[in-house]
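One chain, subunit A, appears in both complexes that follow, with subunit B as partner in the first and subunit C in the second.
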Partner chain A sequence: MSTSPGSSNPEYVTTRVRSRRSVLFNDEDYRKLIRMGPAEIARFMEESEYEREINALGARHSGVDLIEYALNRNLAKHFNDLLDWADGRLYDLIARYLRKFDAWNVKTVLRGIYSEADSADVETDLIRAGEMDDRLLDRLLDAGSIEEVIDLLDRTTFADPLRAALEEYEETGVLVPLENAVDRVFYEQLLSDLPGGEANQTYREFLEAEIDFRNARNALRLARSGADIDPSEYYIEGGQLFGASQLSAIGGNVEELVAVIRDSTYGDDLDSALDEFEAADSLISFERALDVALLEYSDRLGFIHPLSVAPIVSYILAKEREVDNIRAIARGREAGLSEEEIEEELVIL
Partner chain B sequence: MLEATSQLATVVLQNNATSFPLIPAQAAAALAVGLAALGAGYAERGIGAAAVGAVAEDDDMFVRGLILTVLPETLVILALVTLFLTTGIPWDTAEFFEAMFSAAS
Partner chain C sequence: MAEDVKPTRKNLMAIEDRIELSERGHDTLEQKRDGLIMEFMDILDQAQDIREDLDANYETAQRKINMARAMEGDVAVRGAAAALKEHPEITTQSKNIMGVVVPQIESSRVRKSLDQRGYGLLGSSARIDEAADAYEELLESIILAAEVETAMKKMLTEIETTKRRVNALEFKLLPDLHENKEYIEQKLEEQEREEIFRLKKIKAKKEEEESEAAATEAESELEVVEVGD
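Let's look at the complex of A and B:
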């Protein structure tokens, strides 16, 4: 893992982040957005934070696509700013979390090659927010085969696990082993050699919570789909909630999974969501509850340790939720969903 | 041998009692102010970084940022107070105040 030079400067980064956080859309903005059509949403965004992106992309795209690409680009801009500002250890801690987007980009490129999509189409789906620079990403886009992509990734941590998964991919012809390999690399580096200290201890707890929630979500999805897959195949190491063996022992039993989650340390936060999940048998509200719980948790950490990476991570999460929300509104309106249905999809704190 | 040590000890103690202290009063006073300024500077480091961050996001924060940045300077002013209280004012105080009051009245 590369260490960035200089001492860390949490004061500078957290103030800028708090200031940017205050301009995120609030309840009222969302209430307005829900009543708008895609074109109006684009106009509303043009008068807000997203002005530059909408203007830059407005000539080439329109409707929901314009909104989506502008959102992606804005997200990338803000997260690249974070990496620009931070020095030293703080940079490492932020970069470690933002590698999520490296993983996303690698997966997008792989999927693009798999589905033989046009590289221009794939490019608009990339989020250039991670640590990989534009040159590498452009070369990844130009790559013609999965082997080529892996060769280009040679200097990153993704190369070796991808190579290992390549064989399985060639045997089965499905992308799942490759995508799992990428996800695993991301989550493994997330917790590896995290520096000590009280503030970092809480950061670790937050990351573990994120991994736990991801595991819970995967397990519940698998259990509900009724597919005959061992959930431990999708298991991510590092969480507190389940062990791999425990998870495969539970298998597809939804009730037992819910019971395990209810008994865990997250039980209090997720209790009402779990009740709702059991009553309505719908994953949507449960996944929303997971998102809200994670957001609240990161917010709380930001108040406990104001001069650490915690407020920055909470901003990253809040910004991601905002982008997801606007996307959900735009897509929902396009698909003709009612206002109440869209509102149910939103994650608002 | 033992007698020599005790003699040496008395000499050393006497010497210590009579000789100048390691840090003379004026140097100690200067150090006190200097250390206070160092503390103020360290405090300003964090506040200044945060203030510049705030100003970069929003220009209106400039004045507020500036005020908050120089607040720790009060530490140095307080250090000057202790300096005067402990070492005495370096000029003739009575004369100084007399001159000041006569000038005022």
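Let's look at the complex of A and C:
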């Protein structure tokens, strides 16, 4: 996958990723976890990959919060390792995907300032898995105003769009323009300056699928909410499923949106989820189907191009899914959900 | 109590006036009590329906937020909640139901569209939307329940008060007044009887004195005649 030999090391990183992937929880582990209470889950995690994080955070947190923070910290550690191992072009390909955590952290800091939350509370909510280093994140935590945060982000891709959205934020008084600007930057930089080559073409397809799925879920959410918002305002460029003008023309017509998705290349994968969405008028199962489809797609790409960024991205998604699944089990048990209900919510391939 | 009242005609008239007023008040209060009970029964039906809706909405909202916390993470849900600045507002007015002032609660900015919730659409999920929807619906039910249940409690207090007043009139005040009236009437009758008896006595005494005086006069006339002979 490397376009400039010597500057990229996909063989090394994919080998290490394969070993990391082998220690991810399997079906049997999930089956055990579903039958456990939060304390047992924490104990189970203590004897697994998550030992260090559970021990480090055990004194400060307890119960499901401990599990969630340990999961986030472990996720950050693994993804930081990926960035440490990768060189050259591969680093760029991985980093552009992991910038979603930078986007998450920027939004978390902005929300903290907006709601005047304590910086210690905001700090626990950060997931240090992106490209931003600890020093920058700590300085962001110390920032006292949104303008200061934007100034600190000057050398990142987030600064200019945030600055552009600042005026609208000041007019409306809600964080929506800033949050959308941050998310839009993340999605738009995914495909910008993506190098050529066969393996990169499949990576491009995967990223386009991610953007398409995000556009599809947002368009359906907007249509279902009945809000008087032009869906093209939230459209992310780069996908193949809709065009901005097509979305504007469809407006809030749910049936038409569903028909467009059914007729697309994703139609076969999402058919049953769309049926369920139309029957129950709930997007949750549809979103789960999108997650499953993306996970399967990344797995498939990983098999087709084993020495490219594809298996690495596939691992990133699988690791995120593991974290989501364990958190879902722990929170579900805490909330008193039945084993069947939790099992239904998990995404296991 | 009856002994405390002076048995005078003036008091009797005052008591009769009070009895009349109290009986009128008693009838009015009874009507008010019955009217309040009817209104209360209507509100009770409404309150039961609202309470059922509230319970159902609470269950749904809890379920949805638990699901959102489970699938999106507590951090994401808290983050989305922190993004909200436009908090719902309520204003209270009052309306009058049969003399009972009950609140009328108007709410605004409870239901929000996706762009008013503060969190970005691009980075959030339908689970958070559904949890927010469910909580907005729950909040509306809570406000409605607060209005109806406060009205119900106020009506209940008023019914109790009215009932106590009706009972006080029926079992305490009116019997006391009637007793007083009876006492004064008896006393007055007694006084009248005494007066008649006294008058009769005086009359009899007077008649006796008169007859005595006539006899004395007749005797003296007889003596004068005898001396003259």
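By definition in this document, the second predicted complex is superposed on the first by the 343 of 349 C-alpha atoms of A that agree within 3 Å, B and C clash if a C-alpha of one lies under 4 Å from a C-alpha of the other, contacts with A are read in each partner's own complex, and residues count from 1 in each chain.
In this text, a contact is a pair of C-beta atoms (placed from the backbone, for glycine too) under 8 Å apart; a residue touches a chain by one contact, two chains touch by 3 or more.
None of these values were measured; they are calculated from a predicted model.
J.: Have a look at subunit B and subunit C on subunit A after the superposition and call it: clash or fit.
T.: fit
J.: With the two complexes superposed on chain A, say which partner A:T14 touches: subunit B (first), subunit C (second), both, or neither.
T.: first
J.: What is the angle, as a multiple of 10 degrees, that the CA centres of subunit B and subunit C span when seen from the CA centre of subunit A?
T.: Placing subunit A at the corner, the angle measures out to 170 degrees.
J.: Once the shared chain is lined up, is A:L222 touching subunit B (first), subunit C (second), both, or neither of them?
T.: Touch status of A:L222: second partner only.
J.: With both structures placed on chain A, which of the two partners, subunit B or subunit C, ends up touching more residues of subunit A?
T.: Of subunit B and subunit C, the partner in contact with more residues of subunit A is C.
J.: Scan A:D65 for contacts with subunit B and subunit C and give back first, second, both or neither.
T.: Only subunit C is touched by A:D65; subunit B is not.
J.: In the superposition on the shared chain, how near does any CA atom of subunit B get to one of subunit C? Answer in angstrom.
T.: Least C-alpha distance after superposition: 29 Å.
J.: Mind pulling up the subunit C residues that touch subunit A in the complex?
T.: It is residues 62, 66-67, 69-71, 73-75, 78-79, 82-83, 85-86, 113-123, 125-127, 129-130 of subunit C that touch subunit A.
J.: So in the complex, the part of subunit A that touches subunit B is made up of which residues?
T.: My answer: residues 9, 11-16, 19-20, 85, 307.
J.: For a test of understanding, state which residues of subunit A touch subunit C in their complex under the given definition.
T.: Subunit A residues touching subunit C: 64-65, 68, 72, 103-104, 107-108, 111-112, 114-115, 117, 124-125, 173-176, 178-180, 182-184, 187, 214, 217-218, 220-222, 225-229, 234, 236, 282-284, 286-287, 324, 327-332, 335, 337, 342, 345.
J.: Could you list, by residue number, the parts of subunit B that touch subunit A in their complex?
T.: The contact residues of subunit B facing subunit A are 46-47, 49-54, 56-58.
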